[in-house]
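Dropping the structures in below, format is structure tokens.
Both complexes below contain chain A, partnered by chain B and then by chain C.
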Partner chain A sequence: MSATDVEQVQTGEQVLPFYIVCDESASMAYNGGIDAINNGLPDLHASIASDPLVNDKSRICLISFSDDAEVLCPLAPASDIDALPGVMEKGATSFSAAFRLLKTQIAQDIAMLRADGFQVFRPAVFFISDGEPTDLNWQDSHRELTDKSLNPHAPNIIAFGVDRADADTIRRVGTIAAFLAEQDVNPGNALKEIMRALTNSIVQSSSSSNPTLIIPPAPDGTISLPLDVMDET
Partner chain B sequence: MATNFEDMGTYTSSDSKGLNAGRVTLVLGAAGVVGGLLGFGLGEIQISESGSRFFGDSVNASSAVYFALVLLGVGAALVASQGISERNAQKAWATVLRSLPAILVGGAVAGFVAQILYTEMLNADEIDIAIRLCNRQGDYSCTAVDNLVRPARAIGWMIAGGLSGLALGVGFQSKKRMQNGVLGGAVGGLVGGLLFDSVNNIIGSGSAQPSRLVALLLIGALMGALIGLVDTLRTDMWLTVTSGEMTGQQFIIYDETTTVGCARNIPITILADRDVAEHHISIRRTGGSTTFECLPTASPITVNGSASSSGSLSNGDIIKIGNTEIRVGERTSSSPGTASSATTRQAHVDTSSRPDLYSHSPESETPAGAAPPPPRRNQPSAAPKKRPTIQMKPETDN
Partner chain C sequence: MSRKKRRPKKQLIQAPASPGPIVIADRPSTFHSKPWWVSNWWNLEPTGRSDDVTCDIGTVGDLAVAAATIRGNTHRHDGNRCEDAFFISTGTTISGRSFLVAVIGDGLGSAKHSSFGSRRATQLFGNHLTASISKTDTPNEETVNTAVDAAFEMTKVKASKWKIGDLSAPPLSPAKVSSADIETTLTFAVVPADPNANKKRTVLIGSVGDSPIFKLSENKWECLTDSDNGDIVDSATRGVHSADRLTTSMVSIADTDVLFLTTDGIGNFISNGANMLAVGTYLADRWRNPVPLHEFINDMTFDLSSADDDRTAIVCWPYRDQYLS
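Moving on to the complex of A and B:
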């Protein structure tokens, strides 16, 4: 099955949900990550909303995490979004909080989309972090999210790491792709490139009547990491 | 032994901006009492009905064993007190183990030397005359003998106290704490030694054991309290934790270089904050100025709200390491704890190693290659404290 396999065959219009999950731990403030993400969101919105086909085929959700995780912007077509809360400096880096919220949120969103008659493609998650997780058991919640035997709505995760992010951690988070900013690249600038790559990926993935997740090439200033385990179920 | 001594923090809780010297002295004094109790118990191993259990045929060697055992208790308690007060058992054990050889050797040397001095200083004829006089007068407490013995005993305990204090500094690998320990321990031992025979007379028991117990409790308390007093009198700088689980905890900055982090074996251990790296910052005091530097792999800290990887520190500065806020206290001519220069100096943003990869980005507002002007200390953090609202660009019609 491809990376964008259909969760359930239905007769309605096809949509591909995208979840942008941003680390807003304290370190994101000093390395320019907060500004880079907040500055990149309007461009991402404009790129999607300006193309009717992309807008129709995609749904965007913004989630942030630090000590806990929260949905900043519920899943919606970009054109329905007039404004959204930006990311801000907060506390620690709890991956578990992000993965747990993702699991419940994706399940709710898929149920809602199906109730509205949509044919839902497997969600894609863009996971962005600048550091090591501060919770020890994040791999348990990651497995509960991504293991298709445990979660029928397991999303495809593309992970991006900048600044102090550890390559091994990032490649374990990503299920279909993982990228790590090079050490000598300014984290804020790397995140700008990541936001561009992410925007291009959403636009390209949703620009056909049959949406297919397009994995972006390594953004400038990052390297592609070999994945720990390639999920092919 | 490490050649580059690092200073170790010490322990007390205080809500005030200044260093709580009384609490430092009290904690070490209390540790000394516990140490005296331990020392008494250990010292009794050496004492048997027939004299000394080990090396009974050599008064000098026998005394060396006794002092080594007594100072093992006193020294271990003093050394462990910091880790215990920080609820850091690993640090307590590590410092005790590190100081153990110094305590044992110091105790043995002190006992040996003290006994030689004691013997040399005492005039057997004078003592014999004093005892005969006491017996004739029915003065069985015989203070005259005490007065003859007292200086020798006091000097013996002064040496023992000084060496025990030295061991304390060895345990913490701190040169300044060695100095403080020698000074405080010697004075504490001297005073305790002077009072030793008086205690014996006051207790007046048929057995010498209760007298030894009380005397050792007193000596331990005096050694601890005076080491604490010297510590605080010679302190120029300290840190007070003002947020998180360790709120109120104070750490004295002793020597030239101090490491702060979450590791259990470093001078200042910040617990219960997962954003604090094992070795997060190094504080260096040279020539009256204090600077800090974030250590490799550690994230920058904020100083008065501005993120920085290195810079200077002074009285009243609030630094945030991970999620833990710490106030810098410095002994100045003015009252301690005031933010005297917090708003006048600059922290330095570390962007030196970042190439200007994407500086062409017109919307660039983040550091890109060329370092931005370092933020003023009193500037708010670049990060918003309130979640911003991002307005989306106007949607383009088809």
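Moving on to the complex of A and C:
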């Protein structure tokens, strides 16, 4: 039997999906957040695409949210992406829109990866926001996304808050870690460090022989927030 | 007068039909997309002994046995030593029955000295178990399990004892190295080297951690150790020093079966639940019979994206006379 005779059989290659979810509300333009994220995305892309092991094992998806949420870059290996699209300022801050989109998108992506024969590790979401949600009942859609009894594909969420983000809110969004920028730190600078920490987390998580989500240490200018409830990871 | 035609010279060296590793899937991995001597991705362990390939091949009684460890791409990329190990030994009971002891260890990635840990634990356990069984007359399930428990306890104690400067030992005194830093999985099999009358033999297998054992029967791999295949993969595992005891069981192996112990570097790609994956299908075809040493190593160096961990396999073919032709 040659290697080509196994074409019809699934390969079982392992993948770690990462979802980067960015707030595009209007305030993100005024505090330098949009620029910091857009400056960090090319470095993130290059760091992943240039590492042979990380590139093959990880998949990246970029999602933005404001009044609504949209997929800016569908889940793909970094080397298959010419350049990550930038984010831009828009309107309000709907956390529900982001969580609802994540739930459906992750389910679709995992189904597609499994159909293609991949073994999929639990997805990781990096959630970045600079303010309070404008939708009051976001916790419902958050629970529908993260409660494993409701959603077998529930991701691990690492939440980052800058500028006017509330500590209690960010702490509730994160399921395994949450970080808040210190008050006297410029939001743009904090976001620059957040993008770097996020990149390192993806690279280290995917570099290991047995892929394990590596929670970054608190990025410079941020503090780690203790969580109420730690889900099993 | 015509001149005799010269016979063409015999070719003493034959080039392989297809150099390089077998590629599983529709494309090579990024890691293998360039030769190792140009990519800058294939780095040596600075303190020596990268352990890219280790292999034992031989026979005992009617068993043909091949074992090898291959350094994984992750460790090649990072310039680290292979953290897998295997140990195979043979013994003879008082009543003259030969047997094989096969042991595999996968040093935990979080352990600082896992390469030493897996080597030390597999050798201690294998040697002690072989010596204990050799002192029995007619080993049965109870006596062998007693020997296993004793070997396991002894391994946990002695693995943490060395002198600075001992071969491959950490450059620190044992007092400064925690058991977590030498943690490793352990998987083993005790295989009688001759069948009983109905052309089957009873094999004791056991494990702690995620290094599985498979049996190839009718061209399909059957996993003989615990496995959990859900929609989402979990990577947590236990090791020798954090476990109270090994999980053991007795399994029946027919002369036409093949026994296969492996670390998760290969084990994760053999099957997914009841479905054989591409690597499993390929190795089931390749290893239904014993293969030459160089082919065994080549089989183990298959190229599959994300299969970056160290790889170890011990393959045991009973009743080797059936493969004479």
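As a working rule, the second predicted complex is superposed on the first by the 219 of 233 C-alpha atoms of A that agree within 3 Å, B and C clash if a C-alpha of one lies under 4 Å from a C-alpha of the other, contacts with A are read in each partner's own complex, and residues count from 1 in each chain.
Basically, a residue touches a chain if its C-beta (ideal position, glycine included) is under 8 Å from a C-beta of that chain, and two chains touch if they have at least 3 such contacts.
Since we're looking at a predicted model, the values are computed, not measured.
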item: Chain A residues touched - chain C or chain B, whichever exceeds; value: B
item: Touched partner set for A:Leu84, first chain B, second chain C, both or neither; value: first
item: Touching partner for A:Pro211 - first (chain B), second (chain C), both, neither; value: second
item: First (chain B), second (chain C), both or neither touched by A:Asn186; value: first
item: Which of chain B and chain C A:Asn39 touches, first, second, both or neither; value: first
item: Touched partner set for A:Ile110, first chain B, second chain C, both or neither; value: second
item: Chain B versus chain C as contact partner of A:Ala26, first or second or both or neither; value: first
item: Chain B versus chain C as contact partner of A:Arg171, first or second or both or neither; value: neither
item: Touching partner for A:Ala92 - first (chain B), second (chain C), both, neither; value: first
item: Chain B versus chain C as contact partner of A:Pro52, first or second or both or neither; value: both
item: Chain B and chain C contact sites that coincide on chain A, given as residue numbers; value: 52, 79
item: Chain A residues touching chain C - in the complex, by the definition given at the top; value: 1, 3, 6-7, 9-15, 52-53, 55-57, 79, 110, 114, 117, 119-122, 152-153, 207-212
item: Chain B residues within the chain A interface of the complex; value: 274-275, 297, 299-300, 302, 307, 322-323, 349, 351, 353-355, 357-359, 361, 363-369, 381-393, 395-396, 398
item: Interface residues, chain A side, partner chain B - complex; value: 25-32, 34-36, 38-39, 41-43, 45-46, 49-50, 52, 72, 78-79, 81-89, 91-93, 131, 134-135, 164, 184-186, 188-189, 192-193, 220-221
item: Contacting residues of chain C [partner chain A, same complex]; value: 22-26, 29-31, 33, 39, 41, 72-75, 77-78, 109, 231-235, 237, 264-265, 268-269, 272, 275-279, 281-282, 285-286, 304-310
